[in-house]
Amino acid sequence: MAAHDYQAIGSEVTLFEHAFSRRLPVMLTGPTGCGKTRLVEHMGARLGRPVVTISCHDDLTSADLVGRFVVLGGDVVWTDGPLTRAVKDGAICYLDEVVEARHDSLAVLHSLTDHRRTLYLDRSGEVVEAPDTFMLVCSYNPAYRSSLKDLKPSFRQRFVTLPMSYLPPDREAEVVVAESGVAAEVASRLVRCATTIRTAESVFHFEPPSTRTLVTAAQLIAAGTDEMAAAEASILAPLSTDGAVSDGLREVAAACLLPAGAPA
Amino acid sequence: MAAHDYQAIGSEVTLFEHAFSRRLPVMLTGPTGCGKTRLVEHMGARLGRPVVTISCHDDLTSADLVGRFVVLGGDVVWTDGPLTRAVKDGAICYLDEVVEARHDSLAVLHSLTDHRRTLYLDRSGEVVEAPDTFMLVCSYNPAYRSSLKDLKPSFRQRFVTLPMSYLPPDREAEVVVAESGVAAEVASRLVRCATTIRTAESVFHFEPPSTRTLVTAAQLIAAGTDEMAAAEASILAPLSTDGAVSDGLREVAAACLLPAGAPA
Amino acid sequence: MAAHDYQAIGSEVTLFEHAFSRRLPVMLTGPTGCGKTRLVEHMGARLGRPVVTISCHDDLTSADLVGRFVVLGGDVVWTDGPLTRAVKDGAICYLDEVVEARHDSLAVLHSLTDHRRTLYLDRSGEVVEAPDTFMLVCSYNPAYRSSLKDLKPSFRQRFVTLPMSYLPPDREAEVVVAESGVAAEVASRLVRCATTIRTAESVFHFEPPSTRTLVTAAQLIAAGTDEMAAAEASILAPLSTDGAVSDGLREVAAACLLPAGAPA
Amino acid sequence: MAAHDYQAIGSEVTLFEHAFSRRLPVMLTGPTGCGKTRLVEHMGARLGRPVVTISCHDDLTSADLVGRFVVLGGDVVWTDGPLTRAVKDGAICYLDEVVEARHDSLAVLHSLTDHRRTLYLDRSGEVVEAPDTFMLVCSYNPAYRSSLKDLKPSFRQRFVTLPMSYLPPDREAEVVVAESGVAAEVASRLVRCATTIRTAESVFHFEPPSTRTLVTAAQLIAAGTDEMAAAEASILAPLSTDGAVSDGLREVAAACLLPAGAPA
Amino acid sequence: MAAHDYQAIGSEVTLFEHAFSRRLPVMLTGPTGCGKTRLVEHMGARLGRPVVTISCHDDLTSADLVGRFVVLGGDVVWTDGPLTRAVKDGAICYLDEVVEARHDSLAVLHSLTDHRRTLYLDRSGEVVEAPDTFMLVCSYNPAYRSSLKDLKPSFRQRFVTLPMSYLPPDREAEVVVAESGVAAEVASRLVRCATTIRTAESVFHFEPPSTRTLVTAAQLIAAGTDEMAAAEASILAPLSTDGAVSDGLREVAAACLLPAGAPA
Amino acid sequence: MAAHDYQAIGSEVTLFEHAFSRRLPVMLTGPTGCGKTRLVEHMGARLGRPVVTISCHDDLTSADLVGRFVVLGGDVVWTDGPLTRAVKDGAICYLDEVVEARHDSLAVLHSLTDHRRTLYLDRSGEVVEAPDTFMLVCSYNPAYRSSLKDLKPSFRQRFVTLPMSYLPPDREAEVVVAESGVAAEVASRLVRCATTIRTAESVFHFEPPSTRTLVTAAQLIAAGTDEMAAAEASILAPLSTDGAVSDGLREVAAACLLPAGAPA
């Protein structure tokens, strides 16, 4: 789906705009696939700013963010990293799952998230002041928190926090239809299936199914897969590999969806 | 055996084709040697796309996937990694045992597995949009899951999941005959032996014997080894080094196979 | 806010000046956002010395502090790190959250914090004597202490320790007004909200809200966000992701702040 | 001793030949010093193929196996590693104690151990198909298995497994005579001593003495050391440093061997 | 204070001279700030030898001690490290807190601490015999010993061990006066405060205050800080961040020192 | 003391010669300072072979042993490591405390310790056959064994093991006299002190004092230190930092040695 298709859930668009207008960094929290990346792309389009996305992982160093010296034609040339490019371009820089990054990557963000709004490139000696249109956005999923690796409170207090959640069922069904081309009833059945599973989440202790998995299932259905098989492959199978849990999930799905061979 | 010899078990070929037609990434799950690699090679032939296979391991970095700068003749040249070559060629890229890879390798896949279908080469600055024929396929064996290293739910929800299992006995025996040239009765005895052991798997807690081990045993038999010795070397010995368990396995095999010196 | 806006809480400004006059290093301790960085910037302005700030993290090596050899145009050139530059310039060098740095980074500080006041650059062979105006300032937050990573007593005894805390309520409200432009009553309500939560800190076991979060909330309010929503996004959300705790915090906030839609 | 002196214990020579004729990889298992390396050297001579031996250890990377780019005279040249050279030469490549190697080293073997029989050099871009005479042989000692580091079942199922054990006593005594030149009675006494200790292995929980230690003891005897002193230095001392166990072992040896000063 | 101001506590100066005359290495042990570094500087002045001080830390490698090859102007040049320079100059080389160094750093000291008195530079191939005036001195604080990182007994047996402790009160007061210029009564009060706290050390389990902290407090007093505030910032605050313990320490200090505003 | 002063304890010199004559590697075991290094130096002089000593530590890599490519004047040149030089020179190569080395360092020794007697330099491609006079000698102290890091039984079985212990008292006293020049009675008293402590070793659980510490004490006495002070600094202090144990040790020493000021 294109970024302009973003469906606002609450006041997150307004709050995001207020933060942008006051040059405040934003932290998006919420479950997988509830639309955090979509919101950032939507706001980029709405505010007329390019979005630079960086998927964080535990080998991401500060040099991967800000840049490094590389040997080029026998000479040594500084090459900006994606964060530096975003600062210079006044872009929205989106650090996805920021909790995964190494601590030196987080430290380099400090001076961009307070009144200084400046990036210090210690190695090249350059000091880059962020233009007013630069905005830093991070996301993290509190459900993944562990005692070993969590964001420090002092880091989280540097951001305006926007908690995100799933779309309400009818709005989510509209997205599924728009993204896959299935009939509205098919989309409603898939959303009902997901909603039931999400409600059972605290019992089964798994990450609930995202809107993305519903769209994937709908795409398979549009390609000719029957509803139950599409739901199994896209919604149920990623949730659990425990046989008993899978059987329970399959019952939930069977109660919501058309069986194989049923006239759609 | 050649890739066109693939024997479909359920609807995995159809689902794979539906995913391909909708440009969705696929995750194959199932026990060792149940045919995951064969399915990918088969689908590559069927869809007319080359297959690039990458065996993942815990030292595999994102640079191993996407490429790196290398010094060549005093100058620095970017060299595409196998993932980048697969994207550019519109190939099927198969990441075998993806759970083994390092997290930076998984992060680099994110933008290829959602609506962006784009590979960002941060270090070279290149942005590669995947052609429609590019497809990402991963495999992992849920039986190896540990609390230390597992795929994150958010990652698994990015894929259409196809659970794989062993072939039914008669079909598996046909494969053994085709691959080794032994007589049908020999193949049937080997399959019966494997099936009995697989049923006992939950008791003995070992990884059940794959079709590959049956083919290996049959090849030794075709070379002149007697059935029991071939089964010991190829099917039983890799399963356990515990004396009591080995004795139990040998009894199972002896009940299914011809003894040494028996007229075949 | 500009550095000259610093609001002294106790005798920290005088003690800092005495330490400066006797060329003694200073260690600032206290909770997140109580003004440690502001004090350093204020003192730099007051003493007429530039401030070099270094955010410490667990990948910070001594080479990141003192400098390294880099290849430039085929030749190898020594490049001073920020600590060396600060020593040579007679600046105030501020190591923020020094407990995070690696041990080799701390060892390099030893000769700067005793009667030698000298930086030994073992790799370049240079010996840099600190001018009288050079001052080393470190900060750390004792609330983060763990058995795994703490400052050694011998290291802490090298510093004059200045414990910092939050501003008294009326002074903190003045800062909020000055930084955001909200009305005094709004600022007072935000401070009351923060003070109540800080008092409850030992019960809830979270890092209490900093002055920075109050300023952020006030900036959102100035941009048009209602008080409760601004407090949720800036003050409450970073504190906890536990539902019950969040509900408790929201009640506290609701008792202090105007509800959405209330005439400000 | 020369490789042609290998003494077959069971059918391992025949099974090895069958595996070679069907281009199947072989895994040798068994206790230290039971003749695994000797078997490989013997089979190399018998099959007319050179043997490339690689002692695995936990710093062995895939680059150590397949090769790497090295700077030579200012230019960058690819240099084949020992595995690549073995594949190109159609040699027998013997990975001793393969369980010690790092996982990236094992992953690189996958495509050589299935129907592909191909080595993919990702970094140089070369694809090397193994000639029919190439054979991969690995060894590992199941007694060293730990939960931390063991071969994965899927890896072990790629091989024909040949379990090895000690020679029968009379055959082992012949080897000792041939290797050291001692009289047959001396060799018999040393073998009797080793056999008694090996029987007690499960009681004492130590790695039993290998044939190599008997040959070493016999060589010392041939040089003039008395039997008990030679056995202590070569057979007993490496087994245990626990005083009580050592005393027990010494009694066993004293009951089998001539005392110091006895007429041989 | 200048190095010639060292105040001998026991026979450490004589023992140090005896060790120097017999070319024996010395290990200084004792609590933080009891004068180990001062003793080394004093002995350097007394014996007419330069002192090379190296602060050890857990990233200190043997190359940091002995030197390394560096690229200079396109060519590779060996650069001596501080240990090598000290050996060549016949200096006193002082390794402060040697227990912190990595094991390769300790291994390189072996041949300097026995009858060989020689430094082997494996990488450059150079062999440096120590002149008679070269002396190796190490220090470590047994109070920091942990099971994870301790000096091996075989390493400690290579040294003449000189246990150090605090100066007697009247001598310590003289040092405080000489270093800060405060009146004798002020120094006596500070020493009395420290002595009381040191006696309570085994109860409170903290590192006792060093002479250095008393000098720091006295310097603040000389700059105009009142006694209690100076003691809090320099003596008490580094000892503990536990509120109850801090209150106890403050009572001790209040019983020894003049209150704020008292006529000095 | 010079290497020719070695005092044989048992038959270790003869066994060493037998091993040398049969080209067998030797493993020396025993407590710290019992004379392992001295034996190797003695045997080097006796057999007319140079000795190359390598102190092992846990950062010692195989490249540190066999050599590496280094850039020299723009070109890349292979530089032999100390092990390679020892093999080429037919020297005795002594790996002190071999258990400390990394596993890749041990793997490189395999082909030198069996019938191959060959060093394979995988990176340079060179194969170095050891001349008959090359001998590999390793040492390790079984008292340091831990479950985390121990020599593998298969490695220990590659060596002729020579267990070493302290000299008998009268012989040890002769060494002390020869090394320090003290009177025979002084040496006897020091040896009696050490012997008493060694007997108590199993009670106190510390590494017993080596002959080296007695020589050190004697050297201090020769320089003018009194016996008790010399024993404290050289023999007692390295043993323990536990106050109660130290008091016990001091009583033992006082019962054996002359008090301070006593007429020697």
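Points worth noting:
Each chain gets a letter, A, B, C, D, E and F, in the order it is written, and its residues are counted from 1.
The definition used in the following text is that contacts are C-beta pairs under 8 Å (C-beta built on N, C-alpha and C of every residue); 3 or more make two chains touch, one makes a residue touch a chain.
A quick note: this is a predicted structure, and the numbers were derived from the prediction, not measured.
Among the remaining chains, not one touches subunit B and also subunit D.
Rotation angle for the C-alpha superposition of subunit A on subunit C: 60 degrees, rounded in steps of 5. Where subunit E touches subunit F, under half of the residue numbers in use are shared by the two copies, so each contributes mostly different positions. Look at where the CA atoms of subunit B average out and do the same for subunit E: the two points lie 61 Å apart.
Rounded to whole angstrom, the centroid-to-centroid distance between subunit D and subunit F, based on C-alpha atoms, equals 30 Å. Taking each chain's centre as the mean of its C-alpha atoms, subunit B lies 53 Å from subunit C. Shared contact sites, meaning residues of subunit A that touch two or more other chains, fall at 71, 74. Following the touch contacts around the ring from subunit A toward subunit C yields the chain order A, C, E, F, D, B. Note for the complex: subunit F touches subunit E at residues 1, 32-33, 37, 53-60, 64, 70-74, 79, 81-82, 96, 100, 141, 144, 206-207, 209-210, 212-213, 216, 219-220, 222-225, 229, 232-234, 237-239, 241. The touching residues of subunit F, when paired with subunit D in their complex, are 11, 14-15, 18-19, 21-22, 24, 27, 29, 61-62, 69, 71, 74-76, 102-104, 106-108, 110-111, 114-115, 122, 125, 142, 145, 152-154, 156-163.
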